[in-house]
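The two complexes that follow have subunit A in common; it is paired with subunit B in the first and with subunit C in the second.
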Partner chain A sequence: MPIDLGYLVALPLLASLLSLIPSLRVYTAFIFSLLSFLLSLYSFIYTLMGDIPLYQWIGGWVAPLGIGFRLDGLSGFFLLMTGIIGFFVALYSFSFFKVEYQRQGKVFWFFFFFLWAGLNAFFLSEDLFNLYVVLEVLSLSALVLVALPGHRKAIKASLNYLFLSILASMFYLLGVAMLYANYGVLSMSLLSEKLAGTHAFTYALFPIIVALAIKSALLPFHFWLPPAHSSTVAPASALLSSLVVKPPAYLMLRLWLEVLPKDKSLEYLSIVLSLMGALAILVGSYYAIRQKTIKMLLAYSTVAQMGYLFLMAPLYYHGESFREALLQAFALQVFSHALAKASMFLSSGNAIYVARRDDLSYMPGFAHSHPLTFFALFFSGATLIGLPLSAGFVAKFLFLGLSIRLGFIFQGSIMLFGSLLASLYVYPIWRESFSSHPTKFYDNPIPQLMELSAFFLGFLSFSSGIVTFLLLQGIVRG
Partner chain B sequence: MIGFYYFLSLILVVVSLYYFIVARSYVKRLISVNILGSGVFLFFVATAKNTTMENPDPVPHALVLTGIVVAVSATAIAVALILYLNKEER
Partner chain C sequence: MLDFALGIMLLSSALVSLHSKDLMKSGVFFLIFGFLSGLIWVRLEAFDVALVEIILGSAITGFLIFKLVKGSKRRALRVSAFTKAWAGLVSLLFFLFMLFYLPTIERQDRVGRLVYENLHKSGVESAVNAVLLNFRGYDTLLEVGVITLAIFGLLALELKREAYHWDNPLLQSFSKLLLPFIVFFSLYITYLGTFSVGGAFQGGALLAGGLVFFALAKQSLPLKKSLILLFMATGLGFFSLVGLFYALLGYGFLTYPLKLSTLTLIFIELSIWISTAFLLYTAYKGKL
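Take a look at the complex of A and B:
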């Protein structure tokens, strides 16, 4: 049975409004996060069996004038990713805001559901201007989540993030204006027909790509990310680092594979993006290795992991004959990193909850005193590195195979080197957890829900590597 | 005539981008990013006359209107955060 795609956006929006009523907050949060999760699970299952791509025109107005939603394999997969992370972060937040930051807990849910609605809308939209609006919805709710703790560091990080994201949006809008002036359409499917054989779009593409690079923190524009993602509360960090940076990269892949025709200038662009991605992996990992606090380490690791998505840009240009494998590799890299990073940030929240500090050196003996949280860190760390069986391993394996088949040895070797660097920054977390001098305040129990949700996210990020055949089937449909 | 508006919007974008990069204070940055937005909106509205038809295309106007709403709300959040920061400092 086809679903009304509008509910995927309307449900979280309704929840964000209802969560403003104090007496309903907890019930709303629980019921609607469960419902939204089930709905995205259903749309993923629909992409496995149903008739896709599924189009839905809002108000019955069809494309050049109307705005459409479109569900296909890739967007269904990302909806599932958003649903899983949203659900577990919601579970975590129930306990978290009960024991800490009670004041922030009152407004958290509004922006949490607003962000969720924005993410779902982004993965479903197929109109470039609608994507601009949704991108703004995402950044505005994300920057409030950054400012949530209310201390100076967080506010400053949030302001810097806000300015850069307005700048990026304006660049994006400039590109959209140029495209519209030349082609007169904004729907991606119509645009792909009109672009064929023309060259004018390359000028419009430049501001759009710069905007997407700023929003997903590609290397020269990465400086806003570490302070923004590390200074806020754990559930917000988890959402930001796992979900909010992904949509721009997803849009870039969409444009590359489905909209843009083959053009020489795109080949140069893909090489530039690839070099920036390679630098992002090297520099991000280098800074991650040097960090002394766990949240800064995780934030820099996000910079490095996002680098992979751009490193492989030449494959998007050259690999139209391997389109399915490319989609699978990209989607799985995004999925594994998102789940693993969410789990790591939630676990870091657990560690900070007992130690009251976020220094790495304050984690000794964690594996003895809080094994569940340690296993969360273990599984998600293994996924970030790409140890065999994990989803991260399968993604990197697919990318490696593609880069060898298409002759991009440089990209493949940078990716392997990046895995090595990832093990260097994940290892200190594991090592400190195992050292045998548990300090006294580590006897503090962590609320069970906080431990369990972090653990399940980490476990899923690892074990989804084993069931990839199921996940990968859906991505390439439609 | 339309070229004049393109040129004007280019000047706005370049000047405000320069100030965005060199400005140290949050208020100056906020103003420069708003002017940058105005430049982009001007460009977008100017493209409406870029058709062979007698009347300008209404779609860019509608889109720019949406863009202005978004820019205003982002500015409101920025002002709120800057005020909060100043109150903390005192």
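Take a look at the complex of A and C:
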């Protein structure tokens, strides 16, 4: 039986307000993060068994008039991803804000739940204007999460992010207004009907694509990301780097595969995006290799990993007949990176908790002192590189197979090279985990929950590669 | 002709605002810019937007700008040549883009007709508010969320800024005298929203103007901090609770049954009214 999809948005919203009451904060945080997780899980399981795609018209007003929720394989999968990461980051934050940043812990939950509501709303919505509003919700809550520590660096990074994301929002809104002016509908399903078979109109596309590229930090617009994601507290970094950059890329794929018509200018655009993605992988990895602090390293690695999603843009254009495999590869790449990056940032929080600084050379020898955190770093690193069995491996394998079948050898080889580069920037983290130099050997106990949640995220990111056939069942079904 | 003159004035106010040597002068011209764009909305017959634009763009923004200028040590906008060139290039590109794009718009029927056909099922008589609160109520819920989020973000970062006010006995008694009228007038505008031009955001913005004026005259509201916080959260909280309530009853998320819809919408309007007012007021004060 399908549930009302509105719960997925309204419950986290309510939770964010309830978390403002000091005496209820801990209970609210625990109960509502569990509830939201269970709801996401339920929606995911529904996509495995029930009738999909499931449309729910809010207020009973059908498309051109009202707004719709749509639950299908892809959105169900991403809801699951949001649920898992949200839940584990919540568990981590319970301990984290007890031992550090107590002042920030008071306000963290408000923005955490708001972000969660926004993510759920984004993956469910099928109305382009509604997506604009949700993008605003996402970037405003992300903005505050960036500025949370309150020091100068964080505020500056967050202001930079604010200006860029406002610019991107304006571009997006412009594109949506143009689409509405010409077609009179905002719903994606109706728009695709209207656009099917035509290829006259492509103006609106450019502002939208530029906006989405800025929001997901594609290469020439990537400079806001590393300072923003590295200067804030660990749980916030984990959320930002794993989840907040993903929705724009998801929307791009949706538009590309389901809405936009076949048009020559789109093909050129896909090539440009692909080149930018390739550059993002190279540049992002290069800077990640050169970083001396763990959080900057991870942030640059996000730039590189997001590059894969754009690198494959020509496949989205040409891969009509391989639609299913494409969606699977895309979904897995997003999923594996999100889980792995969340785990890595949470582990970096552990490292900073023990060493009191985030230089790589001061990283504690986790392999000796805190094996759980070490395994978190190991599993998530393996996923980022794409070592066999991990979900990252399956995603890259699928992408590689597709790019060979469709004849995009350049894209395939860049992807393989990217994996090699990823191993170069993950390696220092592993190496430092084994360092047993006495001065770098920190034996403080880390709160159990902080270690466990980082470990489970890393473990899931790796082990989900083994059960991909089950995870991707919903996407196969439609 | 009138439109042409308005356009020229709008552009020149923007230019003066960008190029004046005095920060205060820039601010004043920015307000004029806001007011003129409000007038343009009137010319476009979008009275609801005009109302909000004039209240927000030329009143509330005005207070915020003056507060900022008073608190800032800089006397003028200093924009580097690089920024100017960059901004100029982007504007030029945008202009060219629009030049090519605008002729491709086809005049055709959008959802306007559908709105009027379904108006009697929405619970309100004004088309704008039917769209805002019922047909696309979910968007409005999230928009209320966006304002709430922005202001709470401001509070969470605890940016220390002194409140700026005028010390003038005449003003103090005048603001005391004025506030009750503003409260009633804003309530009236909110109520008007159900069948004509007006609505919760307009009323709320107006009330916020009144409250800010009150604070500007060095008065403080006899309300506890927790109560103000409650008012700020009311809009989002009540709206999402209503959505959940109807979902639990089995009607569906934010789906109002026809009999209850007018009542529900009026309560939602009231909650948005009060929270908009207090959110904007807190935005001005910068702290609870």
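Basically, the second predicted complex is superposed on the first by the 469 of 478 C-alpha atoms of A that agree within 3 Å, B and C clash if a C-alpha of one lies under 4 Å from a C-alpha of the other, contacts with A are read in each partner's own complex, and residues count from 1 in each chain.
Definition applied: a contact is a pair of C-beta atoms (placed from the backbone, for glycine too) under 8 Å apart; a residue touches a chain by one contact, two chains touch by 3 or more.
The shown structure was predicted, so the numbers you read here are calculated from the model rather than taken from an experiment.
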item: Touching partner for A:A177 - first (subunit B), second (subunit C), both, neither; value: first
item: Which of subunit B and subunit C A:F129 touches, first, second, both or neither; value: both
item: First, second, both or neither for A:A10, with subunit B first and subunit C second; value: second
item: Which superposed partner A:L140 touches (first subunit B, second subunit C, both, neither); value: both
item: Touched partner set for A:W61, first subunit B, second subunit C, both or neither; value: second
item: Which partner, subunit B or subunit C, touches more subunit A residues; value: C
item: Partner chain in contact with A:I166 - subunit B first, subunit C second, else both or neither; value: first
item: First, second, both or neither for A:G197, with subunit B first and subunit C second; value: neither
item: Contacts of A:F111 with subunit B and subunit C, given as first, second, both or neither; value: second
item: Footprint overlap on subunit A, where subunit B in one structure and subunit C in the other make contact; value: 65, 129, 133, 136, 140, 143-144, 147, 150, 155, 180-181, 184
item: Touching residues on subunit A, where the partner in the complex is subunit B; value: 65, 129, 132-133, 136, 139-140, 143-144, 147, 150, 152, 155-156, 158-159, 162-163, 166-167, 169-170, 173-174, 176-177, 180-181, 184
item: Residues of subunit A touching subunit C in the complex; value: 4-7, 9-11, 13-14, 17, 20, 56, 58-61, 64-67, 107, 110-111, 114, 117, 121, 129-130, 133-134, 136-137, 140-141, 143-144, 147-148, 150, 155, 178, 180-182, 184-185, 200-201, 203, 206
item: Touch list for subunit C against partner subunit A, complex; value: 97, 100-101, 104-106, 108-111, 114-115, 118, 134-139, 142-143, 145-146, 149-150, 152-153, 156-158, 229, 233, 236-237, 240-241, 243-244, 247, 252-256
item: Sites on subunit B touched by subunit A in the complex; value: 13, 20, 26, 29-30, 33, 36-37, 40, 43-44, 47, 50, 57, 59-60, 63, 66-67, 70-71, 73-74, 77-78, 81-82, 84-85, 88-89
